[in-house]
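The next part holds the structures, each set out as C-alpha cells.
Each of the next two complexes has subunit A plus one other chain: subunit B in the first, subunit C in the second.
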Partner chain A sequence: MTHGFAVDRAFATVAFKRRLAYKTQWLVALVLGGGAMLVSMAMWSNLIGSGSLSGYDWDSMRAYLIIGFVTATVVFGGADWHIADRILDGHIAIDLTKPVDFQRARAAEYIGSMASTVPTVVIGVVGAWLLFDPPGPVSPTAGLLTAVSFVLIFPLAFGIMYLSVLVCFWTKRYLGIMWLREALLGFFSGMMIPLAFMPSWLQSIAWALPFPHFTTTPAAIYLGRVDTAGALGLIAAEAAWTVGLWFGGRFVFRHAVKKVTVHGG
Partner chain B sequence: MPILEARSLTKTFRRPDKASGFKGAVKHLAQRKYKNYTAVDGIDLSIEAGESVAYVGPNGAGKSTTVKLLTGILKPSEGTVRVMGRDPHTERIANAHDIGVLFGQRTQLWWDLPVEESLKLLKHMYGVSEADYKRRIAMFDDLLDLNEFMPALARTLSLGQRMRADLACALIHDPKMVYLDEPTIGLDISVKDRLRAFLRELVNDGTTLLLTSHDLADIEEVCERIVVIDKGAIAYDGSITKLKAHYITTKSVHLHLEGAADVPALAEKFPDYAWAAGQAASEVVATYESARHSTAEVLGSLTAQLSPRDLSLSEPSIEDVIRRLYAGELTK
Partner chain C sequence: MRHVGGVYRRALVAQIRSITEYPADFWVMASAGVMWNLLQFAFLTVLFNAVPDVAGWDYHEMVLLSSLLAIAGGSTALFCDGVWSTGQMVLKGEIDYRITRPAPVVVQMATTHIGMQGFGEVGFGLVMFVYGWIGAGLGLAAVPVGVLALVCTAVIECALVTLFCSVNFWLKGPMSNFAFMFIDLQNSAMSMPLGLFPIGVKLVTLFVVPVAFVNFVPIAVLTGHMSGWWLIGTPVAAVLAVFAATVVYRFGLRSYDSAGN
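After this line comes the complex of A and B, so read on.
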C-alpha cells in the first residue's frame, strides 16, 4: 500500500485539531499577532507621515504590513516543536514503524497546523481592513498571483522548517536552531522591515535565499512593484525553492535516519 | 524460509567519554573523546512463521535495541536482518505495513486527541477497510474494554488504559509479525489473563510473535520458545519446555511436622535429600534430584517415616532459572 492522499488528509486534520485543542493558546496568538500589527502600523505611520521612504508611502506600507501579518501568522503558526520533540525524545521510533513516508506525513501535519492559523488571519485581516482601509491589489491579475504566492508559502515554510529540524539528529537540541532560523527568516523575508530599506548588497544576499518569498514576493506582486511577467518569475522562483527544499529534505533524512539513537526501552 | 532471520546482528553506539563535573564538561568541549558501546553483539536469530518467541534479558541486555534493529528503526552496525524477505531498515515502509509494534514505554497515541482519533488515523495509514476496522474495534472492546475510554484524550488515560489502547493500535491492521515490548505493564490480573488468551489465539491463527517481558507469566503462558540475551549476546535459545527440563532438575517437598523439625537429624536420616528449615519451627523443606528419585518414592518414604501434618510439592520456577541465567550461574 502506498501513502495516499487520504493519509495526508488524516494527518493534516489531526494536526489542525491538535492546535485548536488549545483554545487559549490560539487566542493569545491572535491577540499578540494583532497587537504587533497595530504597533507596526502606528510606528510606520509616524515614520512615513505624508511622504515616503524607500518607495513606500503610507498606502503601500499599510498593505505591506497586513501582508506581513498574514505571512508571519501562518509561517510561525506551524507546529515545528512537535516534530523536533519527536526526534529528541525518541518518539520517532514509533513513526519509523508506520508505513508512511516520514517527510510527507510531517508535511501534512505541518500544513494542517499552519491551516489552524487561518481563522486568526481572517480576523486580523478583517480587523486591519476596517481600521486602516489599505489599498486593494493593483489589478485582479496581481490579486490572483498574490493568492498563488500565499498558497506556496505553506510548502515553502515546511521545507525550511523540516531541514532545520532534521539538524536535531546531529545536534540533539532544537532551540538554538529555531532561533537562528526565525532570525534569518524574520530578517531576510522582509517581515521585520521591507528589503527595500536594506543596502543593495544585503538585498542580494536575501534574494539568494528562499526567505524573501514569504513577505517580499507577495507584497511586491500585490503592490505592483513587478509586472505580470516579473510576478510569474517570482512565483517560479518560489516554486523552485519549494521543490528544491523538498528534495533536499529527502536527501538529508536518508542520512539523518542512520543517526537515530533511541535508548531506553 | 524463516519469517525473520538475523545473522551476526550488531549495533554499536558511540558515547561521549568525558569526566564528570564542570572541568570535565569544559575539557570535552575542546577535546572530544568517544567510546564505542556494543549494545547488540553478533546475534543470530531465526524465527519461523507462526512461532511465539519470548525475548528476555536483564535490564540493559540489548532487548529493546534488538527489537529496534528488527523493526527497522535502527540501522545495524554489522550483520544482516531480513523480515519477510525484506531489509527492515532500507525497505522500511513496505516492512512497516506487515508488522505491528508495541513499545510499552512509548505510546503510539496522539497525546492531545481522543483515542478514537488515533485509531482512525492508523486505519487510514494501514488502509484498513471500514468493515474490518469496526470488527476489530468490537473485538478489542470485548477483550480490552476499549469503548470505556475511546472518547478520552490520550493524555488523560491511566497507564493500564494507555497500554490497552496501544495494543489495539499495534494490532488494528492484523499484522503478520508482531513485536510486543512489555505489553502487560500496568494491566490488572484479569486483563492480563484475557490479553494472554488473546495472544495465544493470535499465534494459533498464524501470527508470528516476538515478546519481551519481565513478567515471566506472560512468557510461560504465551510463548513456546525463549531466547535469553545478556550483555548483547544470546545466552540461551530453545523451547521453554527444554529450558525447564535442562535447568530445573530438582523438586522440593514442604513438610509441616507435628513437633519442632530437627534439620541435622533429618539430613542424617535421609542423606539423599538436601534439607533446610522452613519459616515456622515445625516446617522443613526437602529438596531432591528428580532424575534420581521419583516423586512417589520421595513422598512415600517421607510420609511413612515422618507422618507430617501437611505437605506440598514445588519446583523451581522459570523465574529462578532466568535469574540464575542472568547471574551467569548456568551455562548453555
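After this line comes the complex of A and C, so read on.
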C-alpha cells in the first residue's frame, strides 16, 4: 500500500514535535555527545601532539571528531523505541489496518525524530568550533559533497534501524538488539577510532558493511582524503546501501509480519 | 539483616527463573553485553598498534582499566537493575505496594529486574581482567588486591547508580536521565587514564563522585602508577557510596507522595 507525500510530511512533523516536547533530552544528548567528544579530544591531543598518526594530524583529527559528534548525535537520536514498542505490545495490528505503507510511515516518523536533534547538533558544533577551531572543508566542492553524504545518513540510518527493529517480531525486548546495533555502528563507522588505524583485513570488513558511511565517508570527503571522483563513489555506495536496505526491510517485513497474531487467532 | 539478605536472594532467583522462559532475549542481551566490551577491547588493540602508551599507560594496563569498567556495568545489571525503574514507579505510584511489604523498598526495587546483558558484561569483563592481569605481569601475590578491587568495583557502581536513580523522587520523569548521563560519561572518561584530564576532573572523580575508585585507583595501585596508600580509599569509597545511596533513597521515599497528589 502506498500513500502521498503529504502523509509522510504529517508523520515526520508529528514525530519531530513529539521529540521536541522533551527538552530535557536536548540537554542529555548534549552532555552525552559533548562528553564523549571532549574525552576523545583529550586522548587524541595527548597521542598526536605536534606529529601525526595514521595520516591524521591534530587539525584533521579535531575536524574528524566534530564530524563524529554530529553524526552520532543524529544517528543515535532517532525514535527507534517508538517503532519497536508497537511491534512488542501488538499495536502493529492496528497499524496494519491503516491505509498507509507501514515502512514508509515509520521512515517518515524516524527521519522526523532524527531532525529533532538539530538544536543539539547546532549548540554542540558552535561550542566545539569556539573551543577547538577546526579547519574548514578542503574545498567548496568537498563541503557540498560532505553535506550530501550527511543528508543520506538519514535514510541509511532508518534502513539499518528498521531491519534491526524487525527482530522484535521474534523477541520480547528491544534493548539488546539496539545495543548490538549501536555497538557495531559505533565501531565500524569509525566513531570510536578512525578506520585508517585498523589493520587492512578489519578495514575490508568495515567497508563491506554500511556503517563507515556514518562517519568515515563524510569525514574523508570533508578532509580531502578522497578526490571528487572518490567522493562521488562513496556517495554512490552510500545511496546503494540506502536503496538495498529499504528493499531488504520490505522483504524481511513480509515474512516477519506473519508472526503477528490478534487475540491468539 | 539476614531477613533482608534472604528477600534479596529469593527475589533475584525468581528473576533468573523468569529469564529462562525467554531464551532468545537472554542470548540477544548477553551477546550485546559481550559485543560492547569486545569492541572496546578491539578499540584498544587497534589503538595500541599505532601508539606505545596513553598518558604512560600501556596496552595491558588499559585493558585492565576497561575490564573493571565492564564488570562494574555488568554488576549493576545483575544486582540492582530494578533501580532504573524508580522514576517510572514514582510517576505511576507503584511504590505504594512496596512500602507495605516487610522488606526495605530499595532492596525490593533493585530486584524487580535483571539486566541480562550483565551476564555478557561480567563474563567478558573477567576474561579481559585475567588477560590484562597476566599481560601486565601481575603475580599471584597481588590476587587479594585484585579480589578487593572486583568486590569494591561492583559495590561502588551499584551504590552510585542507585544514588543517581533516586534523583527521580524529586525531578520526576520516566527516564533516569541523571543515572544515564553518569554511566555514559563514566564509560567515556574512565576508560582512559586520569592523567589525560584537567585537575578539576581528577578532583571530582576522586572526591565528589568517587567514580575513579571503581576502576582507575585500584588498577593504578596494582600497576604502580599510584602509591599503595590510595588502595585504602577503595573500600572507604564503597562504604561511603552505599551510605549515601541508602540515605538519599530513604529521603526520596519520604518525599514520595504516590500518584495523583
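Keep in mind that, in the parts below, the second predicted complex is superposed on the first by the 258 of 265 C-alpha atoms of A that agree within 3 Å, B and C clash if a C-alpha of one lies under 4 Å from a C-alpha of the other, contacts with A are read in each partner's own complex, and residues count from 1 in each chain.
Please note the rule applied: a residue touches a chain if its C-beta (ideal position, glycine included) is under 8 Å from a C-beta of that chain, and two chains touch if they have at least 3 such contacts.
Fair warning: this is a prediction, and the values are worked out from it, not measured in the lab.
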> In the superposed arrangement, does A:V243 touch subunit B (first), subunit C (second), both or neither?
Replying inline: neither
> So, A:A208: does it touch subunit B (first), subunit C (second), both, or neither?
Replying inline: neither
> Is A:L144 in contact with subunit B, with subunit C, with both, or with neither (first, second, both, neither)?
Replying inline: neither
> First (subunit B), second (subunit C), both or neither: which does A:G90 touch?
Replying inline: first
>> For A:R18, using the defined touch cut-off, is the partner it touches subunit B, subunit C, both, or neither? Pick first, second, both or neither.
In response: first
>> Under the stated touch criterion, which partner chain does A:L32 make contact with: subunit B (first), subunit C (second), both, or neither?
In response: second
>> Just to be sure I read the superposition right, which of the two partners does A:P99 touch: subunit B = first, subunit C = second, or both, or neither?
In response: first
> Is A:V122 touching the first partner subunit B, the second partner subunit C, both, or neither of them?
Replying inline: neither
>> Please report the subunit A residues shared by its interface with subunit B and its interface with subunit C.
In response: none
> Which residues of subunit B touch subunit A in the complex?
Replying inline: 13, 64, 68, 71-75, 92-94, 96-97, 99, 101, 103-108, 110, 112-113, 117, 120-122, 124-127, 181-182
> Mind pulling up the subunit A residues that touch subunit B in the complex?
Replying inline: 1, 3-4, 6-7, 9-11, 14, 17-18, 21-22, 90-91, 93-94, 96-101, 257-258, 260-265
>> Taking the touch rule as given, give the residues of subunit C at its contact with subunit A in the complex, in rising order.
In response: 22, 24-25, 28-33, 35-36, 39, 42-43, 46-47, 49-51, 54-55, 116-117, 173, 175, 177, 180-181, 184-185, 188-189, 192, 196-197
> Which bits of subunit A are touching subunit C when the two form their complex?
Replying inline: 24, 28, 31-32, 35-36, 39, 42-43, 46-47, 53-54, 167, 170-173, 175-177, 179-180, 183-184, 186-187, 192-193, 197-199, 202
